[in-house]
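Naming follows writing order (A, B, C, D and E), and every chain is counted from residue 1.
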Amino acid sequence: MYDAKLDERVTTMDDIKISARGVQVWYGDTHAIKDVDVDIADRTVTAFIGPSGCGKSTFLRCLNRMNDTIDSARVEGTILLDDENIYDKRVDPVQLRAKVGMVFQKPNPFPKSIYDNVAYGPRIHGLARNKAELDDIVEKALRRAALWNEAKDRLQAPGTGLSGGQQQRLCIARAVATEPEVLLMDEPCSALDPIATAQVEELIDELRENFSVVIVTHSMQQAARVSQRTAFFHLGNLVEYDVTDRIFTNPSDPRTESYISGRIG
Amino acid sequence: MYDAKLDERVTTMDDIKISARGVQVWYGDTHAIKDVDVDIADRTVTAFIGPSGCGKSTFLRCLNRMNDTIDSARVEGTILLDDENIYDKRVDPVQLRAKVGMVFQKPNPFPKSIYDNVAYGPRIHGLARNKAELDDIVEKALRRAALWNEAKDRLQAPGTGLSGGQQQRLCIARAVATEPEVLLMDEPCSALDPIATAQVEELIDELRENFSVVIVTHSMQQAARVSQRTAFFHLGNLVEYDVTDRIFTNPSDPRTESYISGRIG
Amino acid sequence: MIGSFFMMLVVLVLSLPIGVAASIYLEEFAPKNRFTDLIEVNISNLAAVPSIVFGILGLAAFIQFAGLPQSAPLVGGLVLTLMTLPTIIISTRASLKAVPPSIRDAALGVGASKMQSVFHHVLPLAMPGILTGTIIGLAQALGETAPLLLIGMVGFIASNRPDGLAEGLLSPNSAMPAQIYEWAKRADPAYYERAWGGIIVLLLFLLAMNLIAILLRRRFERRW
Amino acid sequence: MPTLWLIVIVLILAAVGYVAGRQRSLSSVDGDVRRLHSLPSFYGWNAALWALLPALLALVAWQVMQPVVLNLSTQPMLELDAAQPGALGLAMADVRRVADGLDLAVQTGLMSAEGARGIAPEEVRAQLGGMGIALGSDVTPQTLAAAQHYRGWADVGQWLETALVLLLSVGGLALAWRATNAEFRARNSVERVARWALIAAACIAILTTVGIVLSLIFNTIKFFGLYPASEFFFGTTWSPSFGGSSSLGILPLLWGTLYISFVALVVAVPIGLFSAVYLSEYASPRMRALVKPALEILAGIPTIVYGLFALLTVGPVLMSVFGQGGVLGVTWMGGGTAVMTAGLVMGIMLIPFVSSLSDDIINAVPQSMRDGSLGLGATPSETVRQVVLPAALPGIVGAILLAASRAIGETMIVVLGAGAAANLSLNPLEAMTTVTAKIVSQLTGDADFSSPEALVAFALGMTLFVITLGLNVFALWIVRRYREQYE
Amino acid sequence: QTRDNVQIAGSSTVLPYASIVAEAFGENFDFPTPVVESGGSSAGLARFCEGVGPNQIDIANASRPIRENEIETCAANGVTEIIEVRIGYDGIVFASQIDGPEFTAFEPSDWFTALAAELPVDGEIVANPHTTWADVNAELPDAEIMAFIPGTKHGTREVFEENVLLQGCENTGALQAFIDSGMSEDDAEGACMAVRTDGASVDIDGDYTETLARIDANPNGVGVFGLAFYENNTDRLKVATMGGVEPTTETIASGEYPVSRPLFFYIKKAHIGVIPGLQEYADFFVSDVMAGPNGPLANYGLVSDPELAATQEAVANGTTMGSM
């Protein structure tokens, strides 16, 4: 089977933030990611698309070593962040994750108040000098995640008492509040209505000015709207990776084409 | 504020499965659902739409008394299922839930094998006389939820080890396997790719022949595609409830119009 | 030794089901009100009741009131059961509480009754904690002497091999730790050594008992 | 019919009921399970319970009542002085022994039924003695007559009992059978029974408390009749003596209890929590499988061993540090027995209470919580401290409470490690003793039972009970305030 | 509810003797082996006095005579006829580590002066100033005072207080000094028996094993033991004379050695003839074979009662307490 090896155009991206080579992931005996090479550019939004179960989340979790927490998961290959192999022994996964933030596919607010959920990251990283600054950070994060209006009157209410979509935005706010250099977002808008989605997309666009964002999405439209580059995964393989426009208008792999046109799943 | 009271057209539906009158829900002091009247027709797909946090899930959970499990939740009003008030003392919520199945917004597979997840409902309801029948039921449910291909080789693997979208389909399969008369689906396709979504939509269409389905969705397109009737919720109110076509082409409430056209959130 | 064995049998057979049943009721079914609060406080308070007080209770309730025979492992077992219950209830409740509500919802959502959701899903997930409580509770009961002093499980009792379960439960017998205690007191140094031997036997017994629970516990452990 | 057989028959009937109920439910819907309200097995259980419960209840009631009735009917025959209830009891015991002996003789075939009925009083002792049934003295004709009467009625009673129980069992079965149809809510009815069983289990705790209070209260009141309450509660010396004129102030004991428990918890809680966190968050599964049970063994070592450990090892070690000629060159410690000694050793014993239980609870916190925190760049330790532990808090508090309770209730370690002297002092290197230790020693001591020196044990128990109740209410309140519920 | 074995409860001091007898009784007679429980003299007597009947014990062992109020309780509960059986004496000895300082001879006055909480010095009553035995009595070794005496729960403590401390108090004239200082006689006696709490004297609530362990750990320690216990541990302990008398079975039996206490058991007469084997057990216990000077009980350390014959007769006749 033909695997999309690194494309000329992609290797010539000027500013590469993350560069993955030969990444393989096994869950026990299941081979979930098969030899994937990807370069993720700085100040860019990269979209991962592909049918459910193809390995998008798995690959995403490789990028900040969240796979470490799954006992059965085994990762091979190299992933360079700013030219440093994050799987190197000397790399502290904690620092890595502070730099590479993540919004999980299933919203997982802490069983704490909304305020404490958002303030958690800034607190542990000492981003605020005092209470007022922290309040500011929390408010700003909630605003950016389009949750401020709904949450401002109940900041002390538990985050777990929010609606599904609100929880999702809470998790986005929580990730944004720590100001990571790279933000990995696993289907961040899956439970959001169109308007909230638009606000989150705006946020992503705004983040792009300084950081890089990787977003997993099932919505082609969303990928087309927010991303500059799109990677298409299928059955654990990276089938195609290119600038978004080209993927959607002129894909080079037949599988990509049939996925985009809605034929394979 | 104007609340959509029951519309002429709706009351004249011939076959009403569920009829809710004056439903109010409080979470502690928060008034989450405000005096909602809805009739849900048999053999119909009804879609609930509305911005995140407007009370769709809350209302859905009223329909099979899942709100009973939330300590702080308090429900008022009457909901008739086949002309019997489900909040009546004599009604057994257990039997009710066997009739009114539910797919939750957040996938929540049991920490058991995939097979056992699906087989659980049929087992406790005695739907299978023997192992072979049970196998059949499980296979059929997984097929209908478009998960069979991915799961058939790992039926004994834990359901919690599936990808997000797979878990969602597993929960759909689990709900379908008990063959409820009414199926409540809270954003069942939020984590699914377009092809899987299409398959689930097909399933919904198929279910409609015998049962009624209520689906919460954030995708207008999906609502338009699968549902015959659509209810639009906003801030705990039922703003408008009508046949789907009319809602999308000619809504009578300005709020509905602005939501559909993407202006309020 | 035989006394200890029968006593532990009684404790296990009674305290585990009763403890788990009580916790399930309190945690899953009981309405949350003052009365259940009372029970809750009450149970944790029972854990702090000195074991000898259970002995006083056992003497009053089982021997004088119910007329059960003195020195019978059955009575010892009953007293130790009462003593072990709080430990098991507290640990079981804690682990029931730790099971995420979404699991319960999932079961209820497919039409399981509350009882079914608890017994099919919640209880297995809480099993490690329950077994831990049982291990600790039983270990404690096995090593306990004070309450037995009062109900006559201490002293010299000719231990003939009982003919059957019923007789084993009802015929007078002495418990291992009480025996050790008694031996340790004897003037004769030979008895003193016997006491240490007894302690080792007791520990082995404990180990064997725990091993089963530990193996079981490992089967139930999982993360989600 | 012997009771055992009766039970077996009822059980068989219940089994029959199960099968029949199941079958009938199935046939009532022509095998289409879906039309049934509940699973067929619930119908089976329903029938089984109907066959079982009333019959067993009746059986128990009969078993309790029959001896009472029999005794009442036999007693007049003994022509005993009614003013002596104890003597009557003894005489009745003799009657029963003779009656049982004769029954046994008939059963084992050593005597024919007629022979047993016609036996002469003077033969009884020898005959029964020959079969290993010892009688205290020769049997009087009265006793024998009473025994024969007893036997006769016991026989009748047994027949009636058998009939009643079987009737109830069959009747219950029939009722359940009749009720079985597709609409019948068998599951609800079975679950109702199960629920009552659960409630009954929960009530045992209440009953225990009531029992404890009842068994303490009378003697406590008696004590306060003999000894002024104010001196008991506010007295600062504890020195019981045999000749009376003892001072029985609870304060030094309470202080010792709290102090020793505090030291023990200071040892056990951090070590226990750290090991719990280590076990659940850092240790490899192999390590965990080994260390956890190893820690649990600590809970099972007989406390007398801990006591000896305190006495023979820890005490001298502490002495060599703080005592005369110790490495610190101070003489803070007068003897090996001290609060510190007992506290340390007790702390070790309590480690597994904290560690094992907390470990299970921590383990039950969903992985997604950890992921959420780690994903924000939190270190594992921050994750544990700020996310996992708070989420597991109710369980951990429960574990700590359990440990504290055990510390308060422990005696052996205190007696051997902390000494028997009641002291009110701040110095942790001084000997003290606890309420519990004194309860035991006063109860098992040589003071006579109606003297305040022995009765004080009950008052101590009662006071301790009330105090721990207060502490528990406080703990519950704390947990309520900080409880975090995850999804 | 019927019961065919003898049930005994009570003193832990008597327990070893009772169990030796019970074991032998079970072997040599057709009756079932009696059940002997321990739990303390008081607890045993309390249960003894609960009443008559098959659910009540038959015999209470005690390391002290039954008290008047206990007899009253008994009577109130229908236990009117009690047979008192004195089985012998328990000698109370003062012993120290075998390699420790030479504690070989004590006088009651030494113990009083060493352990009293307060004592008169030069006419004034002061807190006990002595720290070494040599301070107390120049003939004693110059070792720190470290006494392990029975805790207040033990009957032995009572004997110790009365036969040693009070005696010493009188002998030194301190009793008189107390009275002279304005105390009533009762208070003065109380002051004689008050033990210092500054650590020089350690109460042992446990048993002799604990005392032995403490002496093992503390070379200067002197402990109070039962004669039986000491005799079984002569390899680790050496005993001191009291008032110049060496504690032996003979000196105790003759009453020469001042510190000893009688051991008893009490039988419910109402149970005799009803509980199989009760009479036989009691007879067997006091028989010469068991309780005699050369019997197994004496071997274990019981000081045989010189008046054993009278006791045997009393038991055989069922002589109750009141009728004596």
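Heads up, the rule we're going with is that a contact is a pair of C-beta atoms (placed from the backbone, for glycine too) under 8 Å apart; a residue touches a chain by one contact, two chains touch by 3 or more.
The chain list, named the UniProt way, goes like this: A, B = Phosphate ABC transporter ATP-binding protein, PhoT family; C = Phosphate transport system permease protein PstA; D = Phosphate transport system permease protein.
It should be emphasised that the depicted structure is a prediction, and the values quoted were computed from it without experimental measurement.
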Innermost chain, taking as reference the mean of every protein Cα atom displayed: C
Farthest-lying chain, centroid of Cα atoms versus that of chain C: A
Cα-centroid distance, chain B relative to chain E, in whole angstrom: 82
Between chain B and chain D, centroid-to-centroid distance (C-alpha), Å: 49
Chain A and chain C: spacing of chain centres that average the CA atoms, whole Å: 51
Inter-chain centre distance, chain C versus chain D - centres from mean C-alpha coordinates, in Å: 7
Touching two or more other chains - residue numbers and ranges from chain A: 106
Where chain D touches two or more other chains, by residue: 187, 366-367, 443-444, 485-487
Overlap residues in chain C, where contacts from two or more other chains coincide: 101-102, 113, 125, 149-150, 184, 224
Residue numbers on chain A that touch chain D, as the complex places them: 64, 66, 69, 93-99, 101-102, 104, 106, 108-112, 120-121, 124-125, 158, 160, 171, 174-175, 178, 180
Residues of chain D touching chain E in the complex: 67, 84-87, 89-91, 93-94, 96-97, 100, 129, 132-137, 239-243, 245, 307-308, 311-312, 315-316, 334-337, 415-416, 419-421, 423, 430-431, 433, 437, 441-451, 453-454
Chain B-touching residues of chain D, taken from the complex the two chains share: 31, 33-34, 36-37, 39-40, 185, 187-188, 487
Chain A to chain B touching residues, read off their complex: 27, 30, 49-53, 55, 57-58, 72, 105-107, 146, 150, 154, 161-166, 168-169, 186-187, 190-199, 218, 220, 259, 262-265
Chain C to chain B touching residues, read off their complex: 32, 101-114, 116, 120-121, 125, 222, 224
